[in-house]
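Here chain A shows up in two complexes: once beside chain B, once beside chain C.
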Partner chain A sequence: MFGVANLTQERIVLALALGLTTVFSIALPGFLTAENLLSLVRSVSVLGILGIAMALVVIGRGIDLSLVAVMAVSLAWTLHMVATGVPLAVALALGLAFCLLAGIITGFLIAYVEIPAIFATLAMGTFIYGFGRYFLITLDVVYLPDAARSIVWIGSGSFLGIPVPVLVFGGVCLLGALFLRYVKAGRYVRAIGDNLLAARITGIPVRPIIVMQYALSGLIGFVAGLVTATSVASMNIRVANSTFVYDVILVVVLGGIGLSGGKGGVRNVIVGTLLIGVLINGMTIMDVQYTVQNVIKSLILLAAIVADTIINPRDEQTAQQGDI
Partner chain B sequence: MKTILELRHATKEYRGVPAVKDVTFTLEQGEVHALLGENGAGKSTLTKMLAGVIAPTAGDILLDGQAVELRGPSDALHKGIAMVYQETSLVPSLTVAQNLYLGDARWFNRLRGIYIAAQQFLQSLNFPVDPTALVSSLGAGQKQMVEIARAVHHKARVIIFDEPTGTLTPEEKHHFFALVKRLQARGVSIIFISHALEEALQISDRITILRDGEYVVTDRTENFDRDRIVRAMVGRTLSDELYGRADQRRARPAGRKVLSVQNLSMGTMVRNNTFSVFAGQITGIFGLIGSGRTETAKVIAGIMKRDFFHGGQIRLEDRPVRYRVPRPAIRDGIIYVTEDRKLEGFFETMSVAENIYVAAMAGGQSRSSMVSMSEMRQLAETWTKALNIRVINSDARVVELSGGNQQKVVVGKALVQKPKLIIFDEPTRGVDVGAIAEIHQLINRLADDGMAVVVISSYLPEILHLSDRILVSRQGRIVEEFTGGQADEETIMYAAVH
Partner chain C sequence: MKGITALLAAAVIMSAGTMATAAGIDDPARASHYDAFKGKRVVFVPIAMGFDLTEGWAAGIRSALEPLGVKFDIRDPNWNTDAGAQAITSLIAEKPDAIVVHNPDVQSYARLLKRAEEAGIYVIQVNMRSSYSTDGFAGADYVGMGERIANRLIEKCSPANGGNGKIAIMQGVLTAAASAYQMKGLDNVLSKNPQMKVVSNQAADWDATKARSIMATVLQQHPDLCGGVGFWDVMDVGTGAAIREANKKVYWITQGGGNQAACDNLNKNLYSEVVSYDVPAQARDIANIIQSLFQNKPKPGATKTTLFSPLTFINNDNMKPGACWTLEKK
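Moving on, here comes the complex of A and B:
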């Protein structure tokens, strides 16, 4: 179908996902049913939505380790406010504003104070978790109050037989892809990720774009939080201390978005999410232990990276092939 | 004479494109062998094969008549072949002595011990370098001495110099040549890559010339003169056509004053600099590396961070301006075309069209916040045609293009932003001859069309050929001004170094 030169990591991972799907379909009864496939995609839709947020930041040569903390604390706060009598719309608006503000502060620290993204977001993530836990809510787990029943459809409903979380994931993917391709700011994000110095010299407003990138990440984090909270009818902010954010990075890197920036797009996130989804679903049907699942997940990631390195070597020679 | 190192029918391909094709090269014991050719002729590739940095795709390397396989630079060094690079490969945060003994360190090195040993060793070579100094504090010439000392320390029988004199002052150059003679007297064989033909003629015993990756000729140096070398290098008498005497045409008169710089100071690189630039002519700025030319340009275009700004005034069309980032400078029509296109010139994962379109967007040519694919295609078509950018297919990433085409993309990115004042910093560095001619033509056309053009170059023939006015920069300021055609190479060089 395509030559060796075209075997990008994205295609390797897609082939791997399709291969696994085939194997599972044959080996596991009940895998290849419409119901199971939908629940498969549904189970990874939050991961996928967060993956899009992370991808936008990583394409701009950043990383957002505060993503899950922002998602968890903002939604927990929103639910808490609703429970204490704040109107739902106001609570949602405040939660969203919280996400945007957190993103803007993070972006400011990175773009203007020039702190490396990995440290800035690590610190912000811890800060947001601690701040939220101490000042905004009283318990680690906030349950969905009755006053918020009207938004439960986001996490639990379905439309034309497709679960709403899957539709939300699709919508975020579509918007993300359109943003990267058709909005100038999206092009700037990619340019900055490709070569920050060149972006600056070319006259791209580098700093505002970096701030925007983290604000967007916070915004998408809020959407992911909405889906989570409404599908399990609660928000447990301890997720901010789990390895969930690394799963998000795994999806992004697995799909083939280089951490060095500038490369990849929404398609890569979808492919990475699908592989993880198929894998987790299959292993759950097979009743594989959670810890073993983690080992397998990480081995798959290593395999994808190794395969990519072998097929697309990035050594001094290719890097310098301009001056032969 | 005994042949010490030999390359037989060597070919090196990158992604199926040969950089060196079927080249045979011999090096004799104790000779200085100059390797000449234009940018992209394959000199660096050839020497990298000899130094074990890259492996030939086909062909053999023979050391003392025995076929050898070099498994890497350290293996080559072990066998007595050392390479001294254009950009030094020293570790800047270590001292001179530590760098000298790097790689053959035992488990524990007593610092005092290696300082004493290094001191004696450097003295035996007659190098005035302090072994306890940090390499980052040394000048270019001293760094090179340390590199050479390291090669000698490793008992290298073959030392390869890649453009050793490019960053040296005339005095250091003199010293370097004396050193080469001393090494030669010790029986060391030397390969010497250079762009300066006079140097090659002066110092070498034999000369080999490559062109487009192919072997052209090897002969004893006394059988060569400048003309024969140039003919062999370019395959036609292109040199005169490229860098013909400047006085064959009249200098363009100065138009209105576009930029005036008064008493500009910045960091340690720009000191109290004052000069003006006029529309409709080319202002050439000549200076050695480190003379503050690039830094001055970067302050004007807002690229330098403000922390380094120490005062002075910049006026654009009589309006005082001070840019903290490049964006407003670009909006006002000041555009800087970088000397280092890989570092800050283009977006390597993007196609030519995307590169030019990103620049057009950033330059504020269209108000909308949405991307227009048709506008992108149309801009790309216009500029690839206008600049004669050659791409295999329109989706090719810029990083896959040749140096000349990459440079044209960088120039296209600048021109699409409609500059009033354009500053070209080393516009033809790492660019093949054909593209040099095209870029020069383009620069001339821009000036004819009334744009204020500044060309910064450390290559004198380029300055002489292009400039209507020549400014000479030294130690962070403009020290001398000449009208094009009035000055010759010696006068300008004299102003730049004294």
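Moving on, here comes the complex of A and C:
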């Protein structure tokens, strides 16, 4: 179907995912059932939603290491406010505003103060976690209060037999794809990621678009936070200190979105997310030990990257710009 | 006449007696007791502040020792083992009178704790013991706890009692004392009971989201899962959510410090039973060990006291108001 020349990383990863699915379907009874496949996608839906946010930023030649901190702190604060008597709608609006504000500040630091994205977002992530932990909430784990029962369906309901988190993931993917393809600002993001100077000369408002990119990432982070908090009825802001954000970058890079920007789209994120989902699900069914799971996961990722380097050697452009 | 004099004399003596009682008698051990605490300083090095266990211990130790005039400080390494090791190293130089340590795993601090004792500082470990045993330890007996939980699962799930023997285990981080010692306890009992079948034994990294997706997958494979045990109530909120979503009845036993959130979640049927090691009582135990050390002044490292916390199995049938505790608002 594809020639060797068409073998992009996305297709390699897709082939890996399909191959693993076939092996698991034959070897593991109960893997290839509708319920298990739904639960598989469900378990990686938050990862996928965050992957879309990260992809939007990476396509614009940035990176957002503060994503998970924004997600965790905003939702923990929202739940904390609801628990202390703030009406749910107000608390949600404030949480969302917090995400947008954090995104705008990060974007401002990168676009106008011209701090490299990796340092600006690393610092902002730590700052947001510390600020939230000290000023906004009292304990690391905030439970979903009874007053917020009305939003529990987002994380634990299902519609026509499909879990809502999967639908949210699908919705975010669809909106992300439409944004990148049909919205002017979305096409600008790709142009800036491909070549910032050329984009500026063409007359694209480069700095405002960069700010918008991080605000969008914060917004999607809030959605992911809503799904997380309502599916386990609590928010643990310690996740901001974990390696979760690297898992998100992994999904993006694994799917074939280059860190040098301008390349890839939503499809890449979906493929990367599914491979991780299939891997984790299959290994949990086989009851593989956690540490061994991590080893296998990283080996497969390395294999995918090596395959990509062999099939798609570096071209002139990446050689000049370098990776991140 | 003689009788009257005697009576008068008796009256005088009696009133003298009552006068003495009104003025009070000094408690002979009181002054030395308070002297033992003057100018003393105790420092607490938890894994991190900001969760129910460490906040509970800190509050309890502070309220027990501060009225005695002991200065109580906290060094918070915020989940960073290196930062914790550094805090202890700098404390060895500062020489407080006692350090209360909450170990992230059995190895990391072991040598430092020995050095602290050699520098003349009392070291008390709380809830998770390192491989080096110090002046004091207050916490759960995890091996015994694993054994009791395994027996409880047999009671609920063994084929002889009408179950099918299928159970799952949800660990935290494999290297933590709570996980490693407890697995030993579970093994001790389960290895003698081949009718019990562990269909899944996974670590969820103390994370509710991971626990949720692991349990969702396990229930797909074993819809007839009978019961299981998770190693922390905060993480098992996720396990419980997965069980509820799948509409299954699984006898899930979890454990923790017995914070009110655990009782609330028990009420919401997120899990079936909570094994509580009662954090306020542990804080009292720690404070008591410190008081005893300060009064008896043994050489640091010379005596070793272990106080295992009594465990309470709380479920919806035996839960009374006040079975769990809440932190007082700051």
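In this text, the second predicted complex is superposed on the first by the 314 of 324 C-alpha atoms of A that agree within 3 Å, B and C clash if a C-alpha of one lies under 4 Å from a C-alpha of the other, contacts with A are read in each partner's own complex, and residues count from 1 in each chain.
Rule of thumb we're sticking to: contacts are C-beta pairs under 8 Å (C-beta built on N, C-alpha and C of every residue); 3 or more make two chains touch, one makes a residue touch a chain.
This structure is a prediction, so every number in the text was calculated from the model and none was measured.
Novice: Using the superposition on chain A, decide if chain B and chain C clash or fit.
Specialist: Once both complexes are aligned on chain A, chain B and chain C fit side by side.
Novice: Pick one for A:Asp140: touches chain B only (first), chain C only (second), both, or neither.
Specialist: second
Novice: Look at A:Ile310 in the shared chain and tell me whether it touches chain B only, chain C only, both, or neither; answer first, second, both or neither.
Specialist: In the superposition, A:Ile310 touches no partner, neither chain B nor chain C.
Novice: Should A:Leu160 be classified as contacting the first partner (chain B), the second (chain C), both, or neither?
Specialist: neither
Novice: After superposition on the shared chain, which partner residues are touched by A:Ile201: those of chain B (first), chain C (second), both, or neither?
Specialist: First partner only, chain B.
Novice: Given the touch rule stated above, what does A:Ala34 touch, chain B (first), chain C (second), both, or neither?
Specialist: The answer is neither, since A:Ala34 touches no partner chain.
Novice: Looking at A:Ala89 after the superposition, I want to know if it touches chain B, chain C, both of them or none. Which is it: first, second, both, neither?
Specialist: neither
Novice: Which partner chains sit in contact with A:Val113 here, chain B, chain C, both or neither? Use first/second/both/neither.
Specialist: Touch status of A:Val113: no partner.
Novice: For A:Ile285, is the partner it touches chain B (first), chain C (second), both, or none of the two (neither)?
Specialist: After superposing on A, A:Ile285 lies in contact with chain C but is clear of chain B.
Novice: Looking at chain B versus chain C in the superposed three-chain picture, what is their shortest Cα distance in Å?
Specialist: So the smallest C-alpha gap separating chain B from chain C comes to 36 Å.
Novice: Once bound in the complex, which stretches of chain B touch chain A?
Specialist: 14-15, 19, 39-40, 42, 44-45, 54, 213, 301, 303, 325-327, 329-331, 336, 338, 342-350, 354, 357-359, 361-364, 368-371, 399-403, 406, 413, 417, 430
Novice: For the complex, which residues does chain C have touching chain A?
Specialist: Chain C reaches chain A through residues 48, 50-52, 55, 78-79, 171, 174, 199-203, 205, 207-209, 211-214, 216-218, 220-221, 234, 237-238, 241, 244-245, 261, 264-265, 270, 330.
Novice: Write out the stretch or stretches of chain A touching chain C in their complex.
Specialist: Touch residues, chain A against chain C: 30, 33, 35-36, 39-40, 42-43, 46, 133, 138-141, 143, 156, 228, 231-234, 236, 238-239, 241-242, 280-281, 284-285, 287, 289-291.
Novice: Could you please specify the touching residues of chain A with respect to chain B in the complex?
Specialist: Those in contact with chain B are residues 181-188, 190-191, 194-195, 197-207, 262-263, 317-318, 321-324.
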